[in-house]
Amino acid sequence: MDLVLVNLIDGLVTGLLLFMLSAGLTLIFSMMGVLNFAHASFYMLGAYFAYQISIFLGFWMGLLIAPLVVGVIGAGVERYGLRRVHQYGHVPELIFTFGLALLIEEVVQFIWGKDQMPYEIPGILEGAAFAIAGNTIPLYKVFMIFLSLLIFGGLLYVLTKTRVGMIIQAALSYPKTVEALGHNVPLVFMGVFGVGTALAGVAGVIAGPVLSTFPGMAVVLGSIVFVTIVIGGLGSLFGALVASLIIGWLTTFAKAYDVRMEDILTGIGFTKPDPIWDSAWQDLWTLTSPQIADILPYLLMVLILIFRPYGLFGKRDA
Amino acid sequence: MTAALEITNLRKSFGQTEIIRGVDLQIMPGERHAVIGPNGAGKSTLFNLITGRFPQTAGVVALHGHDLKGKAPYEINRMGLSRSFQITNIFPKMTVFENVRCSLLWSMGYRYSFWNMVARSRALNEGAEAILEQINLQRRRDIPAGMLSYAEQRALEIGITIAGGADVIMLDEPTAGMSHSETDYIMDLIRDVTEGKTLVMVEHDMGVVFGLADRISVLVYGEIIATGTPTDVRANPRVQEAYLGAALEAEH
Amino acid sequence: MTDTTHNTHSDVLAGSGLTLAKALPWLIASAFLLVMPFVFTSNSAITIMNQMAITIIFALSYNMLLGQGGMLSFGHAVYMGVGGFLCVHIMNWDQFFGTLPLPVLPIFGGLFGMGLALIVGSFSTRRAGTVFAMISLGVGELIAACSVIIVVFFGGEEGISGDRTYGLPFFGIEFLQQIEVYYLTAFWLVLSALGMFLFSRTPVGRMANAVRDNPERAEFLGYSARWVRFYSFVASGFFAGIAGGLFAINYEILTEENLNLATSGSILLVTFLGGVGFFFGPVIGAIVFTLLQTVLSLQTELWALYVGALFVATVMFFPGGLAGVLMMHTPPLVLGKLHLLVKPYIKTLLPAAICILATAGFIEILFHARHAAIGDDQMTLFWMTFSHANPVPWIAFGAVALGGFWLARRNAPELVETWHEANTDTGARP
Amino acid sequence: MRKTTRFGLGAVLATVLSAGAGYADTIKIAFIDPLSGPFASTGTNGLHQYEFAAEELVNKKGGVLDGDTFEVVGFDNKISPKESLIQLQVAIDQGIRYIVQGNSSGVANALTDAIEKHNRRNPDDRVLFLNYSAVDPALTNDKCNFWHFRFDANADIKMDALTDIIAEDDSITKVYVIGQDYSFGKAVSAAASRFLGEKRPDIEIVGNELHPIGKVKDFTPYSRKIVSSGADVIITGNWGADMLNLGKSVIENGFEGPIYTYYAAADGITAAFGEQGKDKLRLVTEGQTNPPPTDTAAAYIEAFKAKYPDGNMSQTRITNVIEMLAKAIDQAGTATDVVAVAEALEGMEHETMWGGTLYMRPEDHQLIQDVLITVHTDEDIQFDLDNSGYGQHLESRVEMAGKDSPTTCKMRRP
């Protein structure tokens, strides 16, 4: 039972981290219709910038400055790249961000090289916060949870209580109408893109030290972020949150508990072939849940799209 | 004789609001029927319900006596009903000729064939040419449809609609947004191409309606308040009231 | 107007039979393929050409989805991959393979690719757009992940290998040499390209374009958009499987990389680079990309950076791809004004090219200075050997880059003006 | 920097696509490994070590035969089997007879297979495959062939040596095995269970699991299981980011015992572990650097670090490849007849500067050598890795490990 609690906390950390990425992406996606393939690349940039800044000014300045820099770069990309491609339609836009992701990875390698960066968590956050039945919860994880919740709260406040937030919310559901009402939609787009990428940058800053900072970090997280927002449903921040948590817990529990295909198959009445290494089905029989934990979200997404193309909480067609 | 199109107690609600509130309508084969009504009366909704674009809440739509409930648009089309759209709805990146040829494919029995070459079928190409001639677009046949003028696109839209050889043709505001001369051109075109077919149209332009239609139905707030020949309808006091009322409301 | 009527006529007539004008591009391409090995005789050149041919088939099959059907797929590699895996399994199935001439093998790859497309397509083609794209991504990831889990079929990360020479000799040819494989591949290239071209001219191929442009309208013409997409998808899976079979014959090994997301992504890149709007676009894309990947990467470690930059620039400035750029010159050609463009092109594009090359040179020096070993400051660039510690090459490359940029920028308005002129029909046609 | 000369595209086509005959006075060695992409740092570092070894150990000493020199030519395979085969063909066309490769057993499998077929089909330009780092046991067992020589100890031999060390320690009663879900990870897991079962049946393997390769973002759940299983020791074959993340995660979650690994050093991993991994990470490897076993070795590393301050002397076996190849060519009296060179390599004994004797076992072309257990520490480190102050220090040595290990190889000689 204690382990369940620990796994819940671990899954929460993963889920909230994912949410920080998917929140920005879902804002961008639902508003502009752009599946920003480079979103995880901005996450990577966040980590690298923060590392570079932390060498000179320490972790906290990195946390403050790096997301701003990433956000400015993101806004620049929207202004000078995406807006130009926008006229050609959604597919070229998507392909543009796809190319951008490749380019960012190459540029990062050009500047920082191909090795892992020794980006460390700050001394003040080292060590354990508390322990549950011998399982320590590192202080840094608690920090991650609080920061994510803080950002989520801030986002919620901005979106529901401010004028800009109202416009964004309206634009999420009715982009054309909002434009017709005379709002400067290109500016809103640029702002949303900037804020969305800055959120990805924050995620990079705080994930860099624990999930390691290396040129492949964007690819590792890349497509899973789409999976999250597609599962959650387009235009729904709440859906993104739920989907992030589902994925966080799903993968954590699949890794933590050895569910074996063998048990499932015998449970539903199959008999194990003997000897197993001669059977054509040997790979199926020896499957365990940790083996497939990180591909479960893809399976979940395909199933959801087949049976519910709008996602869990989406109102709009994907 | 079965009606070409028979609508019985058709209803449609969006959420709480009932937009179509029990429509009954019978259109006989060969009839040219126009549906008119003030803005927001539900004309386009009625159209979309008949052609299977929206599912109805209640009621029956029957084409030649066959219930259309639950049928997908392509199935309805195959049963002999073809429609145009209020907002121009063509294949913009394909040439004018390709647009027309594509609309002939199913009716000529090509289905999902991948063993026939479209270019090698004389009947298909000649059929397409004939329609191009009818809608007077031969000179523009090889340019992408998206580059046509608005009136030409409307003409092409009608061409696509009639090409399939459906015997019930439904046109949704065919002259919307057109100048007088363009309207006359389209009117002649419609009269020409629907010869011998059942025509159902929604139209704002009263000139077009009274010039083309054999019978007219007036739709107000989701209900048909009158159906009859143009003269009958014009004389109907409820119609006058509805149009006058709408006009008065608009003034406020 | 006599002109158009004439056109109409010839088209209808041409439609009823095979004319020289229609067959000519194919004949030229075939002759070209026949002659190539006599021009580039080395085995590595033939290997690279084989790779190109496979990529061309794969890219064309991808364009059946993206360009012609409007379906953006992120998992197309799996159809090529499983087709190839099956072919290697057939190679290892002695009794059967011994009775099978090798040139027939790709058919099986095609059928298997088609089989998988049949299954996946049955649920993924119900919708286009994002739903299709995301299902293709998910299915692609799942199958790629399976490749290391289901060892029986995919052989784990080291893949499975076979030997093509164990097949039934084909008119005495055992396919020991690359050149024999080349002609086999070239034969299949022509056959598949022709097949895909003709497919686009069939009713379902035409309707694929219609559904891409306007699925709703297509529905009101009697066609179910879903089934049109489905048939295109299945046909595309078939040709991807053929490409997989040819891959199996060429490399005699299939691995996880044939299925993964990187391969699926790069074929998107190839196709878009070449141009999705024209049938021959992916052909150009495949040739250019293969050359960049195999030849440029021998020259510089930064090749991926250049390819990435080229790709982003293409999307931003030439969404029609390389084929689109080529075809932009059709109107001037028809108007007989192509010659007008020659001088402005030289005046603008030459400095631009020099600017790009000099910028690349500058980047190379920077890279060398950052990453080279101490004492190893010598580097060779554009036939010149110099030291990166020397400021002269830095300044020279920088100056040339800036100069080229300035010159191109200065002459660009003239090019734009001439371009408009060359595209305007002044009526003065000879 | 790579030694490939740079040309414009036109010149490139001419040279690459038409066979360029090799020079009579240089013996070219094709280095086919990743030089771009995520594994480029390992590849580039390996290339530097090869170039340095060829220069220092052969060319500066007068070369081989009558003064012929070695030249290492880099070919970027982007760690893709397909690209490797294309580059192999390019290398062969350039008249290169010696192929070295090491990163990824998948690539090695593809290469050995292709080279075997090539040599069979083209007896006139056969090539040798000198595998310096791919440790999949199959390469010298079921998939062995005459043209392939392995200079690293294979995964089974290393595990044999490692379990010898573990077996001697009576305080160890529980072992946890975790690895990436692919052939190497599975080989490590199988070998660990087998050897421990033979040597110390009382040791309980409390966990034996595989995780997807390169896809795990967060190792915490695995670490929780490992810690709560009460394991004394972890054995893992992980490499790259999977190694770093697993190691950091288990240490952060309170694992105290040693982590026995194959690939937890250099390429940024040593620096990234730093203090955290001290005395916890142990490597099963070959080639001793701390303390340097001989003065030659110390001087060699110093010279290398002077030339490549950012580089690591992480693959000491590369010098063995170069020295043994040079010796074999001298013995055979030819560099073009690779059959003669291969026969000279078979059964060759060689004193390495890294201490101990090397023996190229003729039955399966597996080099038999001392296998070491080293520990990640900053104490008594003369040659650190990643310039981090931390390095690998010798802890124990198994001499001529796996000398009598069985092999299923049935070598077919030409």
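For this structure, a couple of remarks:
When the chains are written out, they are named A, B, C and D in that same order, and each has its own residue count from 1.
One rule holds for everything that comes next: a contact is a pair of C-beta atoms (placed from the backbone, for glycine too) under 8 Å apart; a residue touches a chain by one contact, two chains touch by 3 or more.
What you are looking at is a predicted structure, and each value in this text was computed from that prediction instead of being measured.
Of all chain pairs, the one joined by the greatest number of contacting C-beta pairs is C-D. Think of the whole protein's Cα atoms as having one middle point; the chain whose own Cα middle lies nearest to it is C. Using mean Cα coordinates as chain centres, the one most removed from chain D is B. A straight line joining the Cα centres of chain B and chain C is 43 Å long. Averaging C-alpha coordinates per chain places the centre of chain B 74 Å away from that of chain D. Averaging C-alpha coordinates per chain places the centre of chain A 48 Å away from that of chain B. Distance from the chain A centre to the chain C centre is 32 Å, each centre being the mean of its Cα atoms.
Across the assembly, chain C contributes residues 145, 149, 302, 304, 371 that each touch 2 or more other chains.
Residues of chain A in contact with two or more other chains: 113, 291-292, 295. Touching two or more other chains at once is no residue of chain B.
Of all possible chain pairs, those that touch are A-C, A-D, B-C, C-D. Of all residues in chain A, those touching chain D in their complex are 3, 6-7, 10, 13-14, 109, 113-118, 120, 128, 134-136, 138, 210-212, 214-217, 220-221, 224, 251-253, 255-256, 258, 288, 290-295. Interface of chain D with chain C (complex): residues 1-2, 4-9, 11-13, 16-19, 35-37, 40, 44, 48, 75-76, 78, 80-83, 85-87, 89-90, 92-93, 105-106, 109-110, 113-114, 117, 121, 136, 181-183, 186, 212-213, 215, 306-311.
Every residue of chain A that touches chain C in the complex is listed here, in rising order: 35, 81, 84-85, 88, 90-92, 94-96, 98-100, 102-103, 105-107, 110, 113, 223, 226-227, 230, 234, 280, 282-284, 287, 291-292, 295, 298-299, 301-302, 305-306, 309, 317-318. Considering their complex, residues 51, 72-74, 77-78, 82-83, 85, 89-94, 98, 101-103, 105-107, 110-122, 125-126, 129, 138-139, 141-142, 160, 164 of chain B touch chain C.
Of all residues in chain C, only 40-45, 47-48, 51, 145, 148-149, 156-159, 161, 163, 165, 176-178, 247, 251-253, 255-258, 293-304, 364, 368, 371-376, 379-383 touch chain D in the complex they form.
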